[in-house]
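So, here's a batch of structures to check.
Next, two complexes with chain A in common: one pairs it with chain B, the other with chain C.
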Partner chain A sequence: MAAPLLEVQSVSKSFGKLQVINDLSFQVQRGEALGILGPNGAGKTTTFSLITGEHPVSAGRVFFQGADVTSLRPQQRCRLGIARTYQIPRPFSGMTVFENVLVGATYGRGQSERASRAFCRDILHETGLLARADMPAGQLRLLERKRLELARALATNPQILLLDETAGGLTEHEVHELLDVVRRIRERGVTILWIEHILHALTAIVDRLLLMDFGTKLLEGDPATVLASDELKMIYLGVD
Partner chain B sequence: MDWAGTIVQGLLLGGFYALYGIGLSLIFGVMRLVNLAHGDLIVCAAYLSLVLIEVTGLPPLLTLAIVIPVMFGLGVLLQRGVLNRVLGSGPMPPLLITFGISIMIQNGLLLTFTADTQRLPAGSLETASVPIGGLATVGVLPLLNMAIAILAIIGLQQFMGRTDLGRAFRATSDDPTTAELMGIDSRQIYGLAMGASLALIAVAGILLGMRTTFGPSDGPARLIYAFEAVIIGGLGSLWGTFAGGLLLGVAQSIGAAINPGWFQLAGHILALLVLAIRPTGLFARTRDL
Partner chain C sequence: MIKARVAESPAGWKQLSVIQFTALGALVIGALVSLPFWGGPGVMRMLVEFLTLLALAQLWNLLAGYTGLVSIGQQAWIGIGGYALIVAADDLGLPIPLGLVLAGVAAALLALPAAGLLFRLRGGYFSVGTWVVAEILRLLVMNSTDWLRGGLGRTLTATSAMTRETRELLTYALAVVIGLGVIALVHLLMRSRTGLALTAIRDSETAAANLGIETQRIKLFVYLLCAFGTGVVGALIYLNLLRITPDAAFSVQWTAFMIFIVIIGGIGSIEGPIIGAILFFVLRQFLSDFGEWSLILLGAIAVVMMIFAPEGIWGIIRRRWQFEIFPVHRRVGASSGDAHERNAWQ
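On to the complex of A and B.
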């Protein structure tokens, strides 16, 4: 089997005395979609920050495309093809929607502005934001902000896209629209790692599920097995 | 009192403060860093020019061609070598470091050049002037400075709005963590911002050095003028800072016309009044910092 696209190897992370991630290991194969489940505080978002390099790991290693990226800075990992979205969207609010995406394309993808314009319009079209292109990003509504998170991450031309509760806070109808966008992203060959509490959204996309609690992996496997597991019931329903 | 003349002289003096202020507000805008050595670096640029004049015999204006790139490089080095290491650990460490640099520059200059005040020998340019509309006669040097300040603002705005690098500046200013996730090297951006800031104040430092005297301990006063220009104009607006600088110059000039001892006092009073009445500055754009 080929080397996994992403490998998290015995990673731990502490903030002071608080251990948030404890000896976590998992792999994501190229083209796969892996969902991450777990209660609040399980360390899911921190795991993302360790993969993108926003926080340095306390122990362990992160491999991407077979290369050790543990000591690389976030902008270097971005250029290698790792992109993420935030649970609470963080647009560059003083810039237009188009400029937000353009920044990702010119710096993350490493193309000139001239070469990026058409590419950016395609991404805005794909994420349903084309009509908003010239609007200041700070004026977008929640769904649009979430779409912009996606669009901006896509503009960096990622190999793997880390989605952090992208469906959270959306109406049912909006979730369906979002799923269409995520499916199209998958069809482009982008590998997906997705943290989500809205299970039907997650299971509509992912091939496998990883269940986390207390900063470590409890279970990993196909969605049906994980969803039927005692571990999941224990965490979410509090029953043995 | 010749009011028109006083105000025109004040505006021209304010052009220098505007340039100081733009340099200060550029780095604050991009990386929320307050550079307490700002004033001393302005003075440093003038001394650098002085040395070049003495060694090479170049006229002061031509030394700009050397001093601007040197100050730019110094800014990049200062940022990347020292200040980048403490960014993100709260406002205190950069304040302490730049305060320390300020003391080092003042004492270094004192040691090297003594406490004697200096002046850049500009020859006929020093006193060259043009009459404006019969109201007043204005010096060529301050006019040149004013033109550079205006060009710098227009240039910065075009750069920020239209270039890849300018967008990276804005993105980093908005949210450095997310900017890094978009592939932007924030440390590099910070280095360039500090370089640009020092390049701008090098111009003001040299032009002012051709017009008035300067000494090793003049830095802190210039830092305060830069702060006052930013306070009066309001953060986040280059034209606001420009207007703030001009107003400060006019206030000082009117104060001095009433009583020579009131030169600085009048400027400080204006800055304090703005702080008391409109703390965001007269021309601030609403913007979360």
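On to the complex of A and C.
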């Protein structure tokens, strides 16, 4: 098998005395979609921050496309092709929706503004935000903010896209619309790593599931096996 | 703490056409350039003061309103700029315009190590830190009793060889170049790719870094640029006043004026500080009869403004008439609203 696109190798993270991630290892193959499950506080979002470089690891290494990226800054990792969305959207509220996406395209993808315009338009179209393009991002509703998170990350032209509870807070209908968009992103060859509590959304997309708790991996495997596992029942239903 | 609040600017707002913008620009430049021929020295002196305040406010707005670096220590660079001019012109015998440039360079050089410390701080801590830096610089100048004559201050003597008219004309010309130059600089910067990064950093530094923006480098660039600009303006102020003391030059009042002008006019826009500077100027003339009370009144006006109209006068105007003179936002354009695309997600 070829080298994995992303490899997290025995990574640990502590904030002071609090150990958030403890000796976590997993791999994501190119073109794959891996879902991450786990209760609140399991360390899922922190794992994302360690992959993007927002937080330095306390121990362990992160490899991307076979290269050690552990010491790279978030900006450098972004340009290599790692993009993420935030669970609580962080739009650039004083800028227009179009400008938000333009930031990703010009700085993340490294293109000039002129060369990026059509590309950004396509992304806004794909994520259903084109009608909102000239509106200040601060005026968007929750669903639109979530779409903007996605659009901005896509504009950096990522190899791997880290989605942090993108379906959370959406209506059933909106979740289905979102799934269509994520499927199209996958079809373009983008690898996906997705934290999500909405199981049916997750299983509609991912090839494998990773179950986390207390900052460590409990189980990893195909969705059916993980969902039927005793570990999952323990965590979510509290039964042995 | 002051939080940069930016008036919204939706699509379809009216802008001046290229011809109108050029005409307006030509009118303003023409009036300013021809003023010495028709206006008296009193008007010229007033305009020098106005243009320096305008330039200071524009630079503070670039730093705080567009980049989110709320400094309350910009007086540091006014003081350094003023002293640098006197050292360059009197001690080194350099020409005045070169002295102004060196004043900016001196401010930027001192801002570099200051940034090394300040950029470890965030939000309110950063703001207080900038004030501390200004106080340290004031005390350093204060303690230079020999060279800079400490608390006694110094007087610019290099211009005493000139006639009063020549000196006033030189000061006025430099004020016009600097005042208009700063507006042009901020406008061009905000329309460039860097401008995109500045507002992104202001709105979410974490997200900006994750999208590939070298946040630290760009913040440093803007901080140094504003220190340079404020240093040049500081030199201009003391070319006009001739006499400098550390207490006056490094007074926090300078930054209070900048904040007042920007808040009243409208933070996060280029038009805002222009309107704010005009208003500040008019108010100060009216309130000068009230003595000490004038500062209290100015402060009260700013507080009322922040509570009831945080987007400032320009924010109200542009929302009411949907109009901009210095647009900085990029637009996709008319086709973005058609029904087919609106329904793309469904």
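Everything below uses one rule, namely that the second predicted complex is superposed on the first by the 240 of 240 C-alpha atoms of A that agree within 3 Å, B and C clash if a C-alpha of one lies under 4 Å from a C-alpha of the other, contacts with A are read in each partner's own complex, and residues count from 1 in each chain.
Keep in mind that, in the parts below, a residue touches a chain if its C-beta (ideal position, glycine included) is under 8 Å from a C-beta of that chain, and two chains touch if they have at least 3 such contacts.
Not measured: the values here are computed from a predicted model.
When both complexes are superposed on chain A, chain B and chain C clash.
Looking at the superposed arrangement, the partner reaching more residues of chain A, out of chain B and chain C, is C.
Shared-chain residue A:Glu99: touches chain B and chain C both.
Look at A:Leu130: by the touch rule set out above, it reaches chain C but stays clear of chain B.
Judged by the touch definition given at the top, the superposed model places A:Arg90 against both chain B and chain C.
Of the two partner chains, neither chain B nor chain C is touched by A:Gln9.
In the superposition on chain A, A:Gln19 makes contact with neither chain B nor chain C.
When the shared chain is aligned, chain C comes close enough to touch A:Arg121, but chain B does not. In the superposition on chain A, A:Gln27 contacts neither chain B nor chain C. In the superposition on chain A, A:Glu177 makes contact with chain C only, not with chain B. In the three-chain superposition model, chain A touches both chain B and chain C at residues 52, 54, 73-75, 78-79, 83-84, 86, 90, 92-95, 99-100, 102-104, 106-110, 112-113, 152, 155-156. Of all residues in chain B, only 163-164, 167-168, 170-171, 173-175, 177-186, 287 touch chain A in the complex they form.
Residues of chain A that touch chain B in their complex: 52, 54, 73-75, 78-79, 83-84, 86, 90, 92-95, 99-100, 102-104, 106-110, 112-113, 152-153, 155-156. Residues of chain C touching chain A in their complex: 4, 6, 8-12, 193, 196-197, 199-200, 202-204, 206-215, 268, 329-333, 336-337, 341-342, 344-346. Interface residues of chain A facing chain C in the complex, by the touch rule stated above, are 52, 54, 73-75, 78-79, 83-84, 86, 90-96, 98-100, 102-104, 106-110, 112-113, 117, 121, 124-128, 130-131, 133-136, 138-139, 147, 152, 155-156, 177, 181.
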